[in-house]
Structure formats: C-alpha cells, structure tokens
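Dropping the structures in below, format is structure tokens.
Look for chain A in each of the two complexes below; its partner is chain B in the first and chain C in the second.
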Partner chain A sequence: MQTQTSADDVLLDVREIVTHFYSENSVTRALGGVSFQVRAGETLGVVGESGCGKSVTALSILRLLPKLTGKIVGGEIRFHGRDLLKLSEQEMRKVRGNRIAMIFQEPMTSLNPVHTVGSQIAEAVRIHTKVSRQDAMAKAQEMLALVRIADPQRRVKNYPHEMSGGMRQRAMIAMALACSPELLIADEPTTALDVTIQAQILRLIVDLKERIGTAVLFITHDLGVVAETCQRVMVMYAGRIVEEASVSDLFARPSHPYTQGLMRSVPDRRRGRRQRLPEIPGIVPSLRESAAGCSFAPRCPVAIKSCGEAVPPMRVVGPGHAAACWRSEEVMGA
Partner chain B sequence: MRISSLPRLAVRHPLVFTGGGLLTLVIVAALSAPVYAGDPMIMDPFKLLQSPSTQAWFGTDSLGRNVFARTMYGARISLVVGLLSTMVAALAGLMIGVTAGYIRSFDNFIMRVMDGLMSIPTILLAIALVALTGPGIGILIVAIAIPSTPSTARLIRSVVLSVRERPYVEAALCGGARLPRILWRHILPSSIPPLMVQSANVCAGAILTEAALSFLGAGVPPSIPSWGNMIASSRLYLSIAPLNLFAPGICLAITVLAVNLLGDGLRDMFDPRSKQRR
Partner chain C sequence: MGTYILRRLISAVAVMMVVGIFVFLLLRLAPGDPATMMAGDMATQQMIDGIREQLGLNEPLPTQFVHWALGVLSGNIGNSIFAGQPVLQLISQRVEPTISLSVLTTILSVAIGIVFGTFAAWRAGGFVDRTLTAFSALGYSVPVFVTSYFLVYAFAIKARWLPVQGYVSIDHGFGPWFVQLILPTVALSLSYIAFIARITRASMLEVLSEDYMRTAAAKGASTYSMLFHHALKNASAPILTAIGISLAYLIGGVVITETVFNIPGVGRLVVDAINNRDYPVIQGVLILVSGLYVLINLAVDLAYTLVDPRIRY
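Let's turn to the complex of A and B:
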C-alpha cells in the first residue's frame, strides 16, 4: 500500500513484524509480517475475528508479550523514527504509559481493587513525571473531570467496586490519557459494556482524541464501532493484514473476499425476516502449521489454484486502498 | 482499631474476637508478670512441692519455686519464640514466594529447595542445631522458622502466580511501571491476608514446637522457666503436685487455642465468600 506520506507525520511505522508463540512442541505464528502506519492524530481501526492477531499486534508494539512464550521474531516498529524493538527495557518503560498508552477490554478487572481510583491514576502520573503526591492527586481529579465523571472530588476517593462498569472504563481512559500520550491503543474498550454505555465511551474517546491530539489504534471486532470512530481501517486475518482502506472505501468497495464475508455477516434490517444470517464457511486455520499460499483460501468462495501456492502481497487497488488478494479487482467488482 | 468497634467485631467475627482477646490476655499477663507474680527463680528448700497457698497460688515445685510465677514468666518464652519465629518464617516465606512466583526462571530451583527443606522434621533439625551451638532462644527461633518457611513460601507463590496475571498488573506494566512498584503496589497487598492466616497457623505450631523442644531439653536453658521444661520436670511428681504439670499445660493449650481461633477467624474474615454467612 505505502502511499508515501511525508515521513514526519507518521507517528508509528510498523514494518513486517513477525511474532511467534512457543510452547513445548509447537510454534504458533501469531503475526506473519504485519505492516502499517499510524499518522499523528488519526484513528486507525483494526478489525478481525478472535485470534486473528489484533491484541498480539498491540502487545507487540508495547513489547509486553509474555516473556517466556512470546517473541517478536522480525520486523521493525518505528515510533517517531526510532525502532522500539531496539530500545532497552528501561527506555521502553519511558515509552509505555507516557507516549504510548493502552486501555483494555475488561474495565472490571483492569483496576486494582485494593487502591482507590484516584491513587491509581495518580500513580500513572507519578511514574512518568516528577510531581508531588498532592499534585498527582489533583491531576487525577482533573482527569476524572475530563472523562466526564460527575463529582470528581468524591470519585477520586472511590474504590473500583464503588463504580459502575462504564465509570471504571472512563477511569481507565483517564489513567491512560493522564500523561497525554501521542498514541492510545484501545483494545476492544467497549466489548464488556452494554450498548448505551458503549456509545458514550466511543464518543468520549473520539472527543478526547481530538482535544488532546492523540492518535488512536482502535482494536475491535465490531464493524459498526469502526464506522463510527475511525478514519482508516485494517482488516486482519490469521496474523496478516488482508485489507487496508479508508472507512468509507472499505464499506463501499471491500476488495478482499474475507472483508466481504464480514460485511455480509453483519445483521441487516432490510434482509428478509426469517432468513439465515450468512456466515463464512469453515474455520480459522490453525496458526501452528504454516500453509503455503493465502491463509483464507480454504474458506474463500473465489479461490483459484494460485491462491494455494503463494501468499498474495498487499496490492494497491485504489487511492489509499490496498488488499492482499490475487483477485481483488474481480472481487471488488462483484 | 477503635474501642467502640469491639462489640461489632465480637458479633461479626466471634472467632477473631475470642482468639484475639485470649491472646491479648496472655501477652498482658506475660509482660506484667513482674508486677504481680512474684519471683520465679527463688528456691526454698523448706517448701518443696507444696499445695496452693496465698503466697504461691499454684503451689511450689520440686525445688521450692513458685509455680504460678514460673507459669506466668513461662508465657514469655512461648510468646517470644512463637511470635519471632513466625515473623522470621513469614518474612522469609514472603520474599521467597514472591521471588519464585514473579521471576519464573528462579521458580523451579527455589521451590525444589523448599521441597527439600520441608522434608526435614522440625524437632530433628532443632535438636541438631542446638547440639551444634548450645541452647538459646536465638537458635530456637531459627530452628523453628526454617522448617516453617516452605509452606508459607509455597502459599505466597501460588497467590503471586494468580495475581500477576490479573489485568490490572498488565495495565500497570502498560503504564510503564517497574518491577518493584508492581510488587509493592499490586502483588504485596493481595498476599497479606493469606499470609496472616498462614502465619497464625505457623505460630500455633511454633509455640507447640518450642514447648516440645524445651520438654526434651533441647529448648531454652533449664534455668529459664518455660512451659515445656516445667512440664518435663514436674511429670515425676504428678500424683503429689498435679498443678505443677497442669498449670503450664493448660496455659499452653489456651495460648495455642487462642492463636488457632484467631487464624480461623481471620481466614473467615478475609474470605469474601464467607461474608454472607457472617
């Protein structure tokens, strides 16, 4: 794809990262060469089904893979031009939480039950800036107000169990944004919340992102969420990016059979009443054995002989639009 | 804790209240013994094995010493050895357990060493150590603490193993927190409740072990009154002066019971699932 933008507004440049997980007698190839760029201030969505490598991508960027089992085998992760994979652990800690922050799926368990919410946000501040405890607490209160928690003076002293799920996720966002990071990785931040709260949290993230100027890498499996929040989207399948496009292009002209399959399986009111929701036949391939060729080929309705022989590279199919399929032109037209 | 909350404690956690109360009583009695108990050391050859009187409430022993005074002073040894060895075991167990649980490359080695330590019988180890260095309170504490450490370490390790996988630890790592901070803020607080319960059990065992060692003559020097050596020296005179044996015996039982009650009560108190039962 690489539509060459000026190098300086590229915040994060991920090049061909390959991440493997090792167990006693097998290797799981979780990421098989993932490349993408996040520009300053933009929101990039990452969609795909469970196990396709979305979260592993996030953890690889922060270098927080499980130490004994996970390893980034190759590639570069350039943040402001510096390769994060070459930083020492100490330098990496200065990046985490400070310049790249992350929020998680479960707001219920991502806060420590034995400390007050305020002290946990204050802690996040104090890790990266030399401020007094009082100043950090004041900052915590300010952050709670920023994420629109009512009555922040009282809420800073609350323990997590005294808050609702939505409020806890707000508190997590406050914690992540406390040091004004340049990149926020949101790993399915609304999956555990009900739909109304989900909408509020999404709006909050979009608003805050504009106010603080943070770029967001938004991981989700919900195409609706992507449509609402992101400018660009990447679709992942079996540890690879299969399509990358602006949100409007992706919805208008999906160019990879997998993306099309995903789109078809979104429930649609216009469809006949008693009709079965279309699904993608087959199951996600095991990442244990490496297959030659396109990993989607066994499930693909339009696969041809060459699909099983060589992995299709990302090819530009339109302005700012790329797909990894030998037949994207035909697929797009279909 | 405020005095005003004591009645509530008694209702909600009767075990903690009873155990804690009894233990407090024993501690106060032991500390203030010089005030009320009289001298435990003075021998009076004209008053051997006497029955209870106003001067000696529990009578006198075979050397004419005041049994009541000796029993009260004896509590000191039991408490000091029991509490200190528990603290040593708890601290060592905590550090070893956290290390093994968090730094996985040390885990196997540390836990196998702990397994090895666990296989040494306490009494045997204590007798061996005392034989090497001569009797004394210090060596007694070490001898009791060493075999008590592995069970604590194993427990703490299991807690750390489960807590380290909690999302809030991952969230802290994502925030750039370092290892010491994670251990201190996130791992340690979760380890304290199980550690306290375990320590109460260790403490009860330690008090009994001390008594057993003193009974065997491997504990504190015979000149210092301790419940174990009192029981040992009075067992020959059981039919003449039964209180010589029963006084320290019953005190020992009460103290161990108090510690056990406290331990059980703390376990219930810290276990969220038992809250409904109150």
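Let's turn to the complex of A and C:
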C-alpha cells in the first residue's frame, strides 16, 4: 500500500500472504495475497463478512493455523523487519503471547475449564519471564484489577465457569496483555457478548491500548465497532483486501462497491423503521474455484465486462486511501 | 461431598446385600445336591450328611440365609471344604502375589497407556498413531495366555533373561520380587495398555481441537505443556473411567496369569476351588471381589472431582 509510512514505525508488515486449506480432495485459497502494515501503537480494523479471511489472517500471523489442514504457502510476515515465517517453532513461541498476543471470539470456550483464571494468566507471565509462581500470581491479580474485574483477590482463584461471559473476556484480555505485547490481535472480541457488555469491553480495549501502547489489529464484522475503535480500516472480501483507508475516509468516500454495500446494510435511523435493509445480492463465492477476474464481480451492481477478466490491483484513490476496483473513481462517494 | 460419600456407601451396602443373596443362592441353587457335589464322586452317604449338617442345608432357606449373612457380617465367610481352614485365612495367605501383580499391572498400563495415547492423538495419523492401532488390535484379540506363553518362550526359555514362572515374596527383597513379576506383569498389561491408550487417544483428540488449546498456543505454551498441562486434565474423565473398568477386568486376567505363571495368588485359589467344588471359598472370594468393585467405582467417581472443578457432588 502506498500510504505514508516511514520504515521505522512499521511494526508488522504483511506482504502477499497466501494461505491454503486442504481437505480430502480440494484446496481452498483462504487468503489470496494479503498485504498490509500495522504501525506501532495504532488500531487497524479488519472488516468483512463471515468467511472472508479475517480470522485466517490473524491465525496466519501467529502461525496458529490448524496443523494438518492449513498452510501458509507464500508471502512474508515481517515483525520488526524479521520474517515470522522463517522462525523456528521455538523462536515463534517466544513471540506468541509475549510480543504478539491474541484474544478470541468465544470467551466461554477460550479459557481452560480445569485451571483457575489466575493460574492461566500467571502461566502467560511465567512462559515469557523468569518469575516465581507467587510473583506471577501477584501479576495475574494486578492484571485482573487492570481489566476492572471487581475483587481480583478472590477472582484469581475462580475457575472460568464461575465467571460471566463478559468477565471471562476481560480475563482473556488480562492474559493477552500480561506481557505487554507490542501487537494485540483481537478476533471479534465482542461478537459473542451482550450489547451493553460489548460497549464496556470495547472501551476497555481502547483504554488499555492507550495505557500500554499496544498496537491493535481489530477484527470485526461490525462497521459500528470499527468507527468507535479504529484509526485505519481495511475491508476484506473473499480472501483479499478490497479497500483500505482511514476510518473517516472510508465512511466519507467508500471507493469499492463492496464497502458501499456493507455500509448500506447497516441500520440507519434516518431511513425509517419499516424499510427493509438493503442487502448485497448473491453469496460469498466459494474459494475453491478460482475466478479469473474480480471475485466480487458476480455480486457487484456496477460490474462491467472487463471486471470478469482480470483481478483489480489495489490502486490509490486518495491520500492514504486505496481500493481494488477497476471503477473506483466512478463509484467513489456514490 | 461428605454427604455424597455417605450416600454412596449406603447404596454400596444395598449392592452388597444383593450380591450376598446371589452368592448365597449360588450354592443352594447349583444343579444337584450341593452336599453330594462337594463330597465328590467317591463320597459315602455319611460324608454327604456331614457336609449337609455343616452347611446347615437341612434348615429352611431363609434361616440358612440369616445364619450365613450374620456369619459374613462378623467376618466369618465360612470354612473351606477342601482345606478345612477359614476362607478368610486362606485368602489372606494368597493375597500378596495377587496384589503385587495387580498393582504393577495397573501402574504399567496406566503410565504407558496414557503416554502412548497422548502421543498418538498429538500426531494423529502419524507413525505412533498407526502403531497404536496395530498394537491395540493385537492387544484386544490375542488372549492373555497366548501372549504369556510367547513371552515366556522368548524371554525366559530362549533368551534366559527372566525366570519362567513362580513367585518370590517381597519379604525376600524388592529385586527378586520384581524380576519374578516382570513377565506376568507385561503379559497381563498388554490388553490394558491397548484399552487405556485407545480411550486416551480418542479423548485427547477431542480436547486438542478445543478453543482453549488455541488460547494456550497463542500464549506461547510448549508442546509438552499443551499436551500434559492443558489437554490431559481435560481429557481425563473418560480415561479414569477406562482405568476403573480395567481394574474390574483385571481380576479376571489375574486368574489366568497366575495359572500360566504358577503364581500362588487368589486367582489360583479360585481356580483350585472351582476344580475342587470348594463352594465356601468361591463365595468368599466373590463377596470380597464385589466389595472391591463397589469401592473402585466410588473411587473413580470421586477422582472425577479432582480433575474437573465443574463436577461437584
């Protein structure tokens, strides 16, 4: 992306990542050459429908794809200039949870049910720093206080089933931030929570990010969440990035027909209650068959003949704003 | 928890009563006259009458049962027809080899079964996994006495590394005791290793795909920690059940193994008692073994609470 970046504040530089999933008799191209950068301390949003490759992008960065079925077949993931794909598994373990941490969508199932919450947070500390068990538990308690769990002294001894969903997600955040990572990957952290709890968790992530100075890669399908939390955002479709911009630019001048479709399908009070929400016609294409042209073309309202012939590259459409559409200039702001 | 254990112990008493009635009737309902049967082919009428008198068989059935049950409750299971000694005394003389063999077999089966199953699950479809599949097919289908004779032939007769048969009491030192028990223990363990490893593999395979395993990986946990700290404890409920079942079946295996290796344990005692139609001994062993089953089941149920904090009674 030709956005204005100086080389030294780029924390994560993902270049042309291609990730495949293998099943008995087919190969799914889950990521078809994804490139983006995360700068130190910023929050980058990733939006798109289910199955567009958001989570696969996150798992690819940490190399946590299912061992037997998923594989990164090409590209580079540079973290502080070092390609994570070239690290040994042992070196990679020193990155995970320490310099890059991750929180997941399902707080109900993401904590180990047979260990106390405190010991699970303490474990993250003990893996990456040489501290005693007691000091690690003290740190765990401190982290629980930091994520605003009341009565942390008692809560460290709780098992996950003794906590509510919101509290468990706070505990997950505490665990992820225990080693003050430089990058936090948040994979739909509020999707499984009640709306009121969602707002609290979002605020918590934004606050802690400021305090610890962590960069955040925020994955969500919710444009409203992006608007509240992110500075920059990229839109993914069918394993590719189709648009990238600052949040204000994206909302002001969406330059890809898919982004525009996404925005139209967000409820708007001004539109009146009885009106049906516009949806994007068609379904997400199967990633098994590789189409020659733009993968959005079959669903695109403004597609022309040439859209089916060649994959549109990311093109700059404004300062810090790029889109992968042959007709960006025509559709921009439409 | 305390009330739960109490409740379980009370229900254990009920179970033992049913077992008691069954064991009691076993003797009385056996085809033919038990006294004649016990006395054997060469018996005189006088001997038969004597046995009948001794067992109280000439009294009505309920009276007999009360007498017998009171005896059992006061620790008198009866006297051996054949040896004349109290059954309890006979069993206590024979219990050391049996306990030795059972404990060693349990330790070996559980340790190897769990490690084997865990690695098979970790590398599902790989070499260890395929070896396990082949091994467990063998472990299940080849009877204990066949593996026993094979092991004796290979390691005792051909290689001469280990003794062929017999038993040395632990009173004569740990070394001789242990060496003597290696072959019977290995022979008896094979099927239990196969069983526990299969259950461990299946249970671990399920746990390894859980979300919290991904969380552990995202923390930077090592493979060892992932498998044994995070996964195994979650996978252990079915494994505990399998161990409980193994312990129950172990009693049957012990009978065969003791016979093959000529070990003077409770298993041999039972085989001899069956051959001699020594009903009081059979009854005594049955009562003790069923009591043991009940306790094993209780122990397994209590062990669940140790591995899973969500289980509370």
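Things worth noting here:
Here is the rule we use: the second predicted complex is superposed on the first by the 332 of 334 C-alpha atoms of A that agree within 3 Å, B and C clash if a C-alpha of one lies under 4 Å from a C-alpha of the other, contacts with A are read in each partner's own complex, and residues count from 1 in each chain.
The rule is short, and it goes like this: a residue touches a chain if its C-beta (ideal position, glycine included) is under 8 Å from a C-beta of that chain, and two chains touch if they have at least 3 such contacts.
Since the model is a prediction, treat every value here as computed from it, not as a measurement.
Aligning the shared chain A places chain B and chain C in steric conflict. When both complexes are overlaid on chain A, the residue A:I127 reaches chain B and chain C alike. By the touch criterion defined above, A:E106 reaches both chain B and chain C. Contact with neither chain B nor chain C is seen for A:Q153 once the two complexes are overlaid on the shared chain. Touch criterion met: A:M172 reaches chain B and chain C at once. When the two structures are aligned on the shared chain, A:H161 is found in touch with chain C, with no touch to chain B.
When the two structures are aligned on the shared chain, A:S286 is found in touch with neither chain B nor chain C.
Touch criterion met: A:L68 reaches chain B and chain C at once. In the superposition on chain A, the residues of chain A contacted by chain B and by chain C overlap at 62, 64, 68, 93-98, 101-102, 104, 106, 109-112, 114-115, 123-124, 127-128, 172, 175-176.
Considering their complex, residues 62, 64, 67-68, 93-98, 101-102, 104, 106, 109-112, 114-115, 123-124, 127-128, 172, 175-176 of chain A touch chain B. The touching residues of chain C, counted against chain A in their complex, run 124-125, 210-212, 214-222, 225, 230, 233-234, 307-310. Interface of chain A with chain C (complex): residues 62, 64, 68, 93-98, 101-102, 104, 106, 109-115, 123-124, 127-128, 159, 161, 172, 175-176.
Residues 104, 166-168, 170-178, 181, 185-186, 189-190 of chain B touch chain A in their complex.
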